[in-house]
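Listed below are the structures to be examined.
Here come two complexes built around chain A, the first alongside chain B, the second alongside chain C.
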Partner chain A sequence: MNKVELAVIGAGPAGLAAAIEAAQLGVKVVVFDENAQPGGQLFKQIHKFFGSREHRAGTRGFRIGQELLAQTEELGVKVNLGSTVFGLDKRNLWVLKEGKTEVYQADAVIVAAGASENALAFPGSTLPGVMTAGAAQTFINLHRVLPGKKVLMVGSGNVGLIVSYQLMQAGAEVVGLVEAAPSIGGYGVHAAKIKRAGVPLFLGHTIAEAIGEHQVESAVLTKLNESFQPIPGSEITLEVDTICIAVGLTPMMELARMAGAELKYVPKLGGHVPVNNDNMETSITGMFVAGDVCGVEEASSAMEEGRLAGVTAAEYLKHIAGKAAADRKALIREQLSAIRNGTFGNKEHLKDKVKEENTLGLRFSGTPSKDELDSCPGVPSEGRLAKGPVAVIECVQEIPCNPCEQVCPKGAIKVGKPITSLPQLTENACNGCASCVTACPGLAIVTVDRTYDENKALVTFPYEYLPLPETGATVHAVNRQGERICYGQVVKVRNNKKADGTVAISLAVPEEYAMEVRSMAKGGTK
Partner chain B sequence: MNILDHPILGEVEAAKRKVTLFVNGRSIEAYEGQPIAAALMAVGIKSFRQTARKQQDRGIFCGIGRCTDCMMTVNGEPNVRTCVTSVAEGMVVETQIGLGSWREIPHE
Partner chain C sequence: MTETNKKEVIICRCEDVSEVEIKQAIEEGFTTINAIKKRLRTGMGLCQGRTCQKLVARIIAQETGKSMEEILLPTTRPPVRPIIMGAFEGEDQ
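Entry: the complex of A and B
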């Protein structure tokens, strides 16, 4: 029997954050993970995270993973890899490592086992070439192999949107994204990125069939009516070799259930979850939960929950007490609620909103509507645009994010609190330096200089594809819908190390397209 | 297809060592440390096994060792999860039929 003070199950963002927090308070922590590498799904997250500086906003997921690992090492936290916890009661863990069973007795346990991707059954869904979006993401970003050349994405939550974008960054073509609901599930800024790349969004559609003898050769989509039933005769066939499924995740609560923790079925959290309070305590004394296992969210909130569970466990183990513990927990709770604010914090109200609103706008098209842009506090006035370079912040949804505010050297952008507020541009303070263009994790900011030339405007936008254009080259400029609307001449290509791969490209375009051009066609040199 | 260059992740290290494995008798190259499934994906092999009753093709589904759809017979051992098992020099990988069976791999 091996004795440990605190056992953490899962070395993903929640588990590692919990281990770090507890270890900082003097707890002896041992982490268990079935994988050969720690980090959970963090190392395949190559996009910049949202949130505030405290949430490491604007930092790419895999770099956050590297930071967490460095901290665990520094603190002497032991991470047992290749170690599958297959049994758990109130205090004991049964661990399978290299074919042998080891038993550990722990004074306290944090279950941070994460979630698994849901499958979707349809004719042909078992064909090779149909895989989860997470699988595709693992292969392109970790193993550096493309699963296919022409991909169909099923599901418009953040996973479906982000993985579509990353598949294109890796060199694949995304021929379409299907969503059964009438609106996009994930962040509009993620949808806008793939829309600008020209990916067709099939909202109100589902996949009817995958066709192929030994592997996927094509996919049939069908339109859905208001009660989500297929409309006969509406079928569309797309030639694809890969179909990615991004239809949600289910918490992996099996170990908590085995240990006897009380469960509750909460559909919006992904299914059955261990009942827990705002200290991350389960119904079992000395057992805590954190991350997707207690409700599917994303890595930023998983890390905050992990920290909270870490402090609570340290308090339970008598390493911290009273006001010190209460203050620490209050601070973490504040940060947790900061990222849970806004349009996406409470999924319940989304449905109601869809009913009320018309079918224009970012959530229905992947493109902000004229109304949305006109009322957006980040978009400068006509008068200001006429005076020279200025930032155009096309951020129209309340998502928790504020790197633009933090990066602006002129203090011209204000988000304030809560961090889900839309960024406000003080247009006369902005000099169009474009620092915010590469800092925005949503790639939703450009700068526009209508005074650039007599009949040319300069549009500077973020770009994260290869190949990069040469200065002086003529390229296809595209609008928010990804349509090639005019030619542009590349005036500047800024690849600042601080921007970590987000390149600022300045295109000279005909003046009348200044407020239309928002990117360039991928590899679209004339 | 291997992704040799990437806008965020950069180029694959040129110094990365390559190993050779044998897939149904065909020799393929893979990067050391790559899972078997990734090596197969890189050369366009998608069908990894056939189901017991209907002989239907199966390939990669979850990619992280949970679903067991990508199981193959590796060095004579059936039911190996190829998405979480690294390649090794001289490894013998075979399409698995049904639940597979244990057998000796003749060594030279």
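Entry: the complex of A and C
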């Protein structure tokens, strides 16, 4: 029997954040994770995270993972890898490590076990080539193996959108993205990225069948009616070799349940979750939860929940008390509720703010509508555009994010509080320097200079595909829908180290396309 | 029914159980995840139900008219991951 003060189950964003917070308060922490590598899903996340500037927004996920690991090391937190916690009884853990069982008795336990991906069953779903989006992401971002060349993505939540983008970055073609609902589930800016790359979105469709003899050779889609029933005769066949399933996650609450924690069924959170309060306490004394295990969200909120659980556990273990503890928790809670504000906040105690008033715009097409752009506080006026280079911030959804505000050397962008507010451009303060272009994690900002040349405008946009174009090359310029609308000449390629791989490309395009061109075709040299 | 709908759909991959078999079991009166597990071994394979459990629950909901909330979870007991029997021998051996 091994004694530990605080056992944390799971070394993902929630578990590591919890361990760091508790260790900082003097708690002796031991972390267990069944995987060979720590970080949970963080090391697969090569995209830049949203969030606030205080909380590493604009930083790529895997770098956040590296930072968390460095902190645990610094604090002397023991992270046991390859250690499967297979049983939990109150505060006793049964751990399998290197083929041997070890029993740990902990004074307090934080369960941060994460979530697992949902499956989808359809004829042919057992064919090789059908896999979860998370598996495809592991292939490309951890093992650097392309699972296929022509991919169909099923599901338009953030996982489906992000993995589609990353598959394209890795060199695959995404033939289509299917979503049963009539609107896109994830962040519009993620959808806009794949839309600009020309990926067709099949909203109101589902996958009917995967066809192939020994592996996936094609996929049949079918349109759904309003009650989500297939419409006969609406089938579309796409030639694909890979089908990725991104249809949500289910909290891995088995350990908490086995230990006797009370559960509640909350569909929005992914299913049955351990009941917890705003201290992350479960119904069992000395047992706390954090992250996806108590409701599927994003890594940024998982880290905040982890910190909260860490403080509560430290308080329970008498390392912090009274006002000091209360203040610390209040600060984290404030951060959490800021992240959860806006269009996409989805934890139980939050209202569903998503209103589907019309069927136009970003949520329905992956492209902001004219109305959305006209009313967007980040888009400059005609008058300002006529005067010279200026940022065009096409950010129309309330998501928790503000790196643009921080990076602007002129103070021309304001997000303020709440952090989900849309960025406001003070158009006369902006000089079109394009610092914000590569800072925006959503790749939603371009600069436009309509005075560049007599009949040419200069559009500077963010670009994250290889190979990069050569200066002077003529390339296919694309609009928000990914259509090749004209040729553009590459005037400048700025690969600033600070932008961590997001390259600013300046393209000279015919003046009439200044407000249409938003990117270039991947590898699209003339 | 199109040709597509008639094709076999596997729900539990570990134990090779089809949608048709599950629907038959429900008709025979096995209407909980646990009961279907005992009848057909769904969720008893390598993944321990992480793939099929929600799919089985959805089929039960669909066939019986129950809401997902009403469908009871199967029993959870150690080990939550498949582990080799030898691991239980422990230090005493």
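The working rule: the second predicted complex is superposed on the first by the 515 of 526 C-alpha atoms of A that agree within 3 Å, B and C clash if a C-alpha of one lies under 4 Å from a C-alpha of the other, contacts with A are read in each partner's own complex, and residues count from 1 in each chain.
Quick note on the criterion: contacts are C-beta pairs under 8 Å (C-beta built on N, C-alpha and C of every residue); 3 or more make two chains touch, one makes a residue touch a chain.
Every value quoted in this text rests on a predicted model; they were computed, and no experiment measured them.
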item	value
Touching partner for A:E34 - first (chain B), second (chain C), both, neither	both
Which of chain B and chain C A:F86 touches, first, second, both or neither	second
Which superposed partner A:V220 touches (first chain B, second chain C, both, neither)	second
Partner chain in contact with A:S116 - chain B first, chain C second, else both or neither	both
Chain B versus chain C as contact partner of A:H143, first or second or both or neither	first
First (chain B), second (chain C), both or neither touched by A:G271	second
Touched partner set for A:T126, first chain B, second chain C, both or neither	both
Doubly contacted residues of chain A, that is, touched by chain B and again by chain C	34, 116, 119, 126
Contacting residues of chain B [partner chain A, same complex]	1-9, 12, 31, 34-35, 37-39, 41-42, 46-48, 56-67, 69, 83-84, 86
Chain A - residues contacting chain C, complex	34, 84-88, 94, 96, 99-101, 116, 118-119, 121-126, 208-209, 220, 230, 232, 235, 250, 252, 254-255, 257-258, 263, 265, 267, 271-272
Chain C - residues contacting chain A, complex	2, 4, 7-11, 13, 19, 50-52, 54-55, 68-69, 73, 76-81, 83-84, 86-88, 90
For the chain A and chain B complex, residues of the former touching the latter	34-36, 46, 60, 116-117, 119, 126-132, 134-136, 138-141, 143-147, 149, 169-171, 214-215, 464-466, 500-501, 503
